[in-house]
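Each of the two complexes below includes chain A, the first together with chain B, the second together with chain C.
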Partner chain A sequence: MSGKIFVAHDALSGLLDDLSKKFKVWIPQMMDQASGHIAFGVYAPGKKPELTRRSRLSPKKILFPSMDTLFKFTYVKDPKDPVRYTIDLKESFDNGPTLVFGARPCDTRGFQTFDQVFLKGQYKDVYYERRRQNTLFATLVCQDSDTACFCSSVGSGPADMTGSDMAVIPIEGGYVIEGLTDAGRKLVETSGSAPSPEQAAAAEQMKRNTAALKIGEDDLTGYADDLTRRFTDMDFWREQVSPCITCGVCTWVCPTCYCFSITDEASGMSGERMRSWDSCMFYLYTLEARGHNPRPTKMERYRNRVGHKFSYFPKKYDGMVSCCGCGRCIRTCPVSIDIRKVVKELKETADDRA
Partner chain B sequence: MDDKTNALREHVKGIFSNLELVLGWEPGYDPLHTRPFYVRTESDIDRLTANCLSFQNLTRYLAKSMNAVDPAADGRKIGVCVKGCDSRSLVALIQEKFVSRDRVYVIGLPCRGTLDARRIRALVPDPARIRSVNAEGDELVVETDRGISRFALDRAIARKCLQCRYPNPVIHDVLIGDPVTPRLKIDAENPSVAAVEALSLEDRLLFWENQLDRCIRCFACRNACPLCVCQNHCIMETRMPKWITQYRNMNEKFMFHMIHALHLAGRCTECGECERVCPVGIPVALIKEKINAIIYEMLDYESGIDPEAVPPLLTFSPKETGI
Partner chain C sequence: MTELNPYRPEMATVIEIVEETHNIRTLRVLLNDPEKMKAFSFQPGQVGQLSVFGYGESTFVINSPPTRRDYLQFSIMQAGEVAGRLHQLNVGDQIGVRAPLGNYFPYENMKGRDILFVGGGIAMAPLRTLLLFMLDNRKDYGDITLIYGARTPNDFCYTYEFDDWKKAGASLILTVDNEAPDWPHRVGVVPKVLAEEAPNPKNRIAVTCGPPIMIKFALAALKQLGYADEQIYTTLEKRMKCGIGICGRCNIGEKYVCIDGPVFSCAQLSAMLPEL
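Right after this comes the complex of A and B.
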């Protein structure tokens, strides 16, 4: 077989029904009609994937939940000597076979950043690793972009299938789904029937056309040293960041922001150690025990956000920018701070700005 | 708000030498977005805009990002642009001594309503590249790469604006443009609150559970609010004492929203910022509106109107009855 199937629009729910018997299937879906809120949710028969409008929240939580129990603990008293106790620990994993259907290329590619940090370093994050290994991505070849998208500016593009197991290619009447990895091909081949030669050709054409699109005006890679040069130019940061309300929305919606906090949530003798999302835009994020804060204002905090993605990360990981260009932070920032503009202006000199 | 950009720029040019800076708005990354703008130099003035996209309530910067209490050494003031609702927040901040009246130069902008970017996105083919947004009479004309959409302006303006009772700044040093007629009378019932109250108790609980379920605990609602002034001491974040766990469950979310609302009781000026900034579209201002309605009924008090008044929950009077 060709490793490809055709799924007509009206057969999509049937396919998802079948897949959801084997996988926990996540799809972008309309969560609230009134505010047009789209986010990734678990598929259940009757739910419709939202493949034409963008999701406001990224699929990050699928591999990196906003709250994740690392283990459970109970203090067990020694009945003979009640001041002594032992600690009973229980592993906690929630990682069955999972499929993400209908993420966009930027969404899927966002996990490349996680992979570098959570899998490829000296220490592996077992929680992330197990989920990662058990999750397949069927990614939509992205046909449209809005004014905040800039995937091509960060070394990617609307047909970039990095990290995807399957490509979902929209054509007249439905989708051609193409297996890209062994696991993806295997799943595709057991999930439907091959496209007609015309359909296969239309899908190829669609992929080519999409790959030729350039989404985003400027190349935003290669700014690592400009950030360093600008580091202490507080006038620059003041100009860029004054409107920021340090709400952290940019970090919550971002598919590549991976900062977290660890807390023990206990009551009485038992509880859980929990990892939850944290945000570098918060004052408490860098507050040190003795009261010193190396990033006391929003200027240092936003500088860190940009620096991390466009300078420190690429310096450490072979030039890879840890921003996938999804534009979510731009779309949802309450004061319309535009990370593209900030990065671009890193290069300008003081004279350009006068 | 009608376009007052030119009149605003002219006015600011005339007075800028007496001011330290002016808080205004400038165009954002596309024609549907605007960002707050600190006018620091003469040459910045031509970036200022004031129109129906001037969403943000700039008074939050006075309370949270700068010192607007102590006079400047050279006596220069901070200029701040306010719509009707924003001016009420300013009054509340003056009452609570977060801002001194004589530290600010208040540029009032009578307002016919600000647009709701989310509602507009739902009305035009999306995803679309927005090229221009123009109000023409009672109609909004949005041009995108997929053509031109026209719809009634009322379908595109913010919920708070549809029920606005104070479109004209309640305090100002100058007013740019003519006063406009309020949509609702001062003592009119809040229609959004009435709509939720019409639901049965079970449905009301379901409504809020459905809404708050989406909350991601980002706290944008808190940070945008001009009157949510605890900043880094908010119970949601402090570890000592630890009031709230890091669980993203309904209990914790509910707790947060009730605390936010109760701390704003009789203080919230219904500027709608908390609701506008919410990334997941929860109508959080509605909770505060309900509490305001209770305060109005019980204590006959409305926030942010009289700079000399003391908000009822910030004082105590033995004469208070009915509580």
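Right after this comes the complex of A and C.
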């Protein structure tokens, strides 16, 4: 069968070495041994991908850097009339061929949210688009769920290859890598040798078994109208969010949280217009110049976070929730707010009262 | 590969500045590229993002009408960093303009109707573009009445144009919040004057814009007078960054003020989540 290769554990470095000649290859790697902090970093010979433990941070920054230069500007004085000037403006794009190796299905699927907003709306985000077009995803069939994982609750699952160009399937002794898109197949075919029939069968079995797993108990789609009904019930929101310290880490670690700010950074006669990750959990996010704030407390702000993912987004995009079920917000929340519980209770308590 | 980058502003030059009040000034600007200026097309109610490079961008309505193309006009109240910087510009200074953005007043549906403008303070800016557009197409519309309020007699914008507006066929009712020496017009907040004037809702469209508290009571007064939700239009403002429906912050539920607005009918507003 074409479009598949087998890579033994001890041959993985060699494969990544080869790939990194053609691509900027990002792999999950150990950033801090003491705290077990795994995040995506650029592969260089000698670096080892962490493929058996989940990463604390998703690969979001690869297509959507936490700080990104939109353009640089320079005030250029007119030599003949020094009170006059022009502004020289240079856009910068950073979009070489890129490969994300070893992201989980939830990580890769997070970009589906970005695609809707950044590519399919009235205006196209050219910065994201260029990176997206130049990036391939080799996504790991996931064997490492914990109790915070809930990908199956949001219409996905641990073997969901939506948005992936290649599947990386762990089997005895190594990985079967399967091309899923034209670009993925082309890359796979030139990157190694085909698996043996036994290896191919083991990979198929592994995919089937993983696809059958249900990660997360409840279906968390279909809550759009429940949020609308619950919108003005401030007792509900107070109860859900009272421990929140509005630190914003839930949005920072979220693979689908895409909201950003745009600011200028300048020094002397030149500077940059940057975009940077922002968070709807922050007071300043919606604070208007004349002092009015439509979301003055954490209740309105958390309501927006849950609402955006489970109500507004599905209403706008054909039922699709903008949550990939990775569980990072649950794992990292310093006060243990569990978004699954909040979403479920949108409905449950509404029914109780009805 | 050259493609449209919606974040890239056009360079523009400030050609004229009008100091309207102690904290509002009007900038008249021209895009530096004459071809782009000539081709620039917009609709009444659409907005622009103005850049002062090094300080950022902020959203303002294009308050000149599409029927007058000598320049693009923006009126800016001093509030916030970018607005503060816009207040320091001189004629000849360079700004960035990303425009037009957002939706516009559905003036086609208003043809043949009487029009009532209800405005307060700086929010006269979005009304001005539609008012002048209608005055420049005077025969398309019936009676045009403007109720325009400000805190004090010194807080009105465009006072130098009032006579022109009247000559072109608009009735003006001016009001200030409190009694002031030598003030010959009405006294009282806009919703109160609106209730006193009680313009008949029959075949009339009301367009209102002002600070949130004024809008709230103006909408109540209009409904009291018998205006249906479909007869009332207003413009909303929110903190914005991208202005193109991507960055996420100006949402009210699934609607984005930057691309689904800023113009909304009262009927649309009633169907939206209450998070103004």
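One rule holds in what follows: the second predicted complex is superposed on the first by the 348 of 354 C-alpha atoms of A that agree within 3 Å, B and C clash if a C-alpha of one lies under 4 Å from a C-alpha of the other, contacts with A are read in each partner's own complex, and residues count from 1 in each chain.
Simple rule for what comes next: a residue touches a chain if its C-beta (ideal position, glycine included) is under 8 Å from a C-beta of that chain, and two chains touch if they have at least 3 such contacts.
For clarity, every value in this text was computed on a predicted model and none was experimentally measured.
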item	value
Chain C versus chain B on the shared chain A, clash or fit after superposition	fit
Which superposed partner A:Glu198 touches (first chain B, second chain C, both, neither)	neither
Touched partner set for A:Asp144, first chain B, second chain C, both or neither	first
Contacts of A:Phe313 with chain B and chain C, given as first, second, both or neither	second
Which superposed partner A:Arg295 touches (first chain B, second chain C, both, neither)	second
First (chain B), second (chain C), both or neither touched by A:Val117	second
Chain A as apex of chain B and chain C, Cα-centre angle in degrees (nearest 10)	90
First, second, both or neither for A:Ser261, with chain B first and chain C second	both
First, second, both or neither for A:Asp182, with chain B first and chain C second	neither
Minimum distance between Cα atoms of chain B and chain C in the superposition (Å)	7
Set of chain A residues, in rising order, touched by both chain B and chain C	261, 263, 287
Parts of chain B lying in touch with chain A, wherever the complex brings them together	28-30, 33-38, 56, 60, 64-65, 118, 121-122, 126-130, 210-211, 214, 216-220, 222-224, 231-232, 237-239, 245-248, 273, 276-277, 279-282
Contact set on chain A toward chain C in their complex	70-71, 73, 75, 83-87, 89, 91, 117-118, 121-127, 228, 231-232, 258-264, 266, 271, 273, 275, 278, 280, 285-290, 292, 294-295, 300, 304, 307-308, 311-313, 315-316
Residue numbers on chain C that touch chain A, as the complex places them	3-9, 11, 51, 53-58, 77, 79-80, 83, 92, 94, 96, 212, 237-239, 241-242, 244-249, 251-254, 259, 273-276
In the complex with chain B, residue positions of chain A that touch it	31-32, 34-37, 39, 52-54, 56-57, 66-67, 144-148, 242-243, 245-249, 252-253, 261, 263, 265, 274, 276, 279, 282-284, 287, 330, 332, 334-338, 340-341
